[in-house]
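In what follows, structures are represented as structure tokens.
Okay, so chain A shows up in both of these, paired with chain B first and chain C after.
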Partner chain A sequence: MVDAVLFELLHTEMVAELWAPDSDLDPGPGVSAGRGGRGQRTSLQVLEGVGFRVGQALGERLPREMLAFREELDVLKFLCKDLWGAVFQKQMDSLRTNHQGTYILQDSSFPLLVHVGSGLQYLEEAPKFLAFTCGLLRGTLSTLGIKSLVSASVAALPACKFQVVIERS
Partner chain B sequence: MAVCVAVIAKENYPLYIRSVPTENELKFHYMVHTSLDVVDEKISAMGKALVDQRELYLGLLYPTEDYKVYGYVTNSKVKFVMVVDSSNTALRDNEIRSMFRKLHNSYTDVMCNPFYNPGDRIQSRQRVEGQVSSLNWTVSLCRAFDSMVTSMMIQVC
Partner chain C sequence: MSRQANRGTESKKMSSELFTLTYGALVTQLCKDYENDEDVNKQLDKMGYNIGVRLIEDFLARSNVGKCHDFRETADVIAKVAFKMYLGITPSITNWSPAGDEFSLILENNPLVDFVELPDNHSSLIYSNLLCGVLRGALEMVQMAVEAKFVQDTLKGDGVTEIRMRFIRRIEDNLPVGEE
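Right after this comes the complex of A and B.
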């Protein structure tokens, strides 16, 4: 029952901890500023890596009682319903696809962003709260046999979109 | 009474293989290896069939004169293969299914272990100096997996 709260607090602390040394530097995608730009990107990568490992474990544990997936769309539906339900206690609001391997998952009230703010305030801070979840999606997909690239975008808090691009070999 | 239990990764290399120590363990290894073909056949057959649902339990793969080989595939394409002795009274399907379910649960626990890297062998003995504290977790969880497999070999569960 308290799992959700604990996870949110842990996540907030993770983001804060990874950003602490860089808090006074300009949070841009700067390549020029030596440690600043690199430190930020490393922090995002670390968060995404953590999310990836968690996603791998969840990808093994959650589909346990379910029957085998028939196709990619089933896997994405599993992500939207079961994974989101288990981690965030709600389902994804919409799933769109272009049938060419790109999927857009939309969440109109993302639980990790709800407490950050609403509207356009703190828009620049939003990406760091989404890195873990991008890794989570990528990890779960990788356990289920799908290599992908996941990115997230925010137009206005707390709504956000995750874009999953499946790599076809 | 399972005689040999194997966990095969997605890329068809063994993550864990253990057999009751008898004269030639290699025979069991070979049987598991040949059963992989049958597993692949069953998976692709199920994929093409117009059945709505696909089961994880694959059933009897092939019988030999002394042994029967059963298979199970997870959603992450990790395969479990179990070789049982034919001589004792035929184990019911339910019992085999429950054995596979326990195996799947134990495997999931190993996967959730943060010190286990997916794709590594599931070993329960690590003698590396200097990193004892983190490896203790790996050892204890793999030992749990090991002891679960041992209990399956001693009695049907």
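Right after this comes the complex of A and C.
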């Protein structure tokens, strides 16, 4: 079994490596070496995309018995308890919903933000440490048959909120 | 009761797979970002180095191993304590050089490559090269300059995965060594 600390360290390195300033939005001939495969995508979208693929793959590996969800709220509870437990060794602190497809997941001490800082310092840096996890949530939901938009916001590190909006067809 | 037990093991398994899946997605992204395998290998090594210099602190705090007196002790600690703690495997140590400054770690299975197949156009990719960087970075923080490289890889059809470790020199002063 792979130790959990490896994921956190890998995530930090991944953010450092995949992050490039938004100047790479312009895919002109002077595009910086090493970012050739990105087209128009921003670094945040790249990180979110990586998280999405991982979330999909994780979802595919869950045994079917574990996924006997009766309703949408059960899926979200699964994310808050089981997925968060497996990925971050803790549960989400709170889950709220308007019962119309929008869910707010609150973590008062998000592990991937803890080492970044606390309070209002480095608030600007927070999004890049949340992008992968937003994608992870979206990807897992996708495998469970739910299309969604996931975003995150931070008022003061290391607390953050993930907003999941279910897309109804 | 059994449902609880299932959840526990499932959680550990998910946690374990999370790392290998994330690593795989990262390598895939790097292959898109960089034009050739050599550059990806270098980035993986560099990232591994950065992870290693931090991982060693976690290791020293959790493992209670004392200072290693020679490279043989170091090899034992790497294989039997560190690999076990972080990857859940215990590689065997073989092929010591006569001078005692080189040895091989043989990994019967490599958790990083679960679910992985190398596509044909990436024959020079050293998929698990992060590990070499981790070893190099971690050992540098305990005053050892080493070289680590893959000489066999199950992903490339070899029977086992083999990492060759070579002791270069002891780092005498505590000034930080620059990264490549």
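By our rule, the second predicted complex is superposed on the first by the 140 of 169 C-alpha atoms of A that agree within 3 Å, B and C clash if a C-alpha of one lies under 4 Å from a C-alpha of the other, contacts with A are read in each partner's own complex, and residues count from 1 in each chain.
Note that in this section a contact is a pair of C-beta atoms (placed from the backbone, for glycine too) under 8 Å apart; a residue touches a chain by one contact, two chains touch by 3 or more.
All values derive from a computational prediction rather than experimental measurement.
Student: Thinking of the overlay built on chain A, is A:Leu144 touched by chain B (first), by chain C (second), by both, or by neither?
Tutor: After superposing on A, A:Leu144 lies in contact with chain B but is clear of chain C.
Student: What is the contact status of A:Pro63 with respect to chain B (first) and chain C (second): first, second, both, or neither?
Tutor: Both partners, chain B and chain C.
Student: Regarding the shared-chain residue A:Phe7, is it in contact with chain B (first), chain C (second), both, or neither?
Tutor: After superposition on chain A, A:Phe7 lies in contact with chain C alone.
Student: Should A:Glu17 be classified as contacting the first partner (chain B), the second (chain C), both, or neither?
Tutor: second
Student: Identify the partner contact of A:Glu124: answer first if only chain B is touched, second if only chain C is, both if each is, neither if none is.
Tutor: In the superposition, A:Glu124 touches no partner, neither chain B nor chain C.
Student: Under the stated touch criterion, which partner chain does A:Arg53 make contact with: chain B (first), chain C (second), both, or neither?
Tutor: both
Student: Please determine whether it is chain B or chain C that touches the greater number of chain A residues.
Tutor: Touching more residues of chain A than the other partner does is C.
Student: Across the two complexes, find the residues of chain A that touch chain B and also touch chain C.
Tutor: After superposing on chain A, chain A residues 53, 57, 61, 63, 66 contact both chain B and chain C.
Student: How about chain C: which of its residues touch chain A in the complex?
Tutor: Touch list, chain C to chain A: 6-7, 10-23, 25-26, 28-35, 39, 43, 47, 50-51, 54-55, 58, 85-88, 111, 115, 130.
Student: Which bits of chain A are touching chain B when the two form their complex?
Tutor: For this pair, the touching residues of chain A are 53, 56-57, 59-61, 63-64, 66-70, 143-145.
Student: Please output the residues of chain B touching chain A within their complex, sorted ascending.
Tutor: Contact set of chain B toward chain A: 10, 46-47, 53-56, 73-77, 104-105, 107-108, 111-112, 114, 118.
Student: List the residues on chain A that touch chain C in their complex, please.
Tutor: Spelled out, the residues of chain A in touch with chain C are 1-7, 9-11, 13-14, 16-18, 34-38, 46, 49-50, 53-54, 57-58, 61-63, 65-66, 82-83, 85-87, 89, 132.
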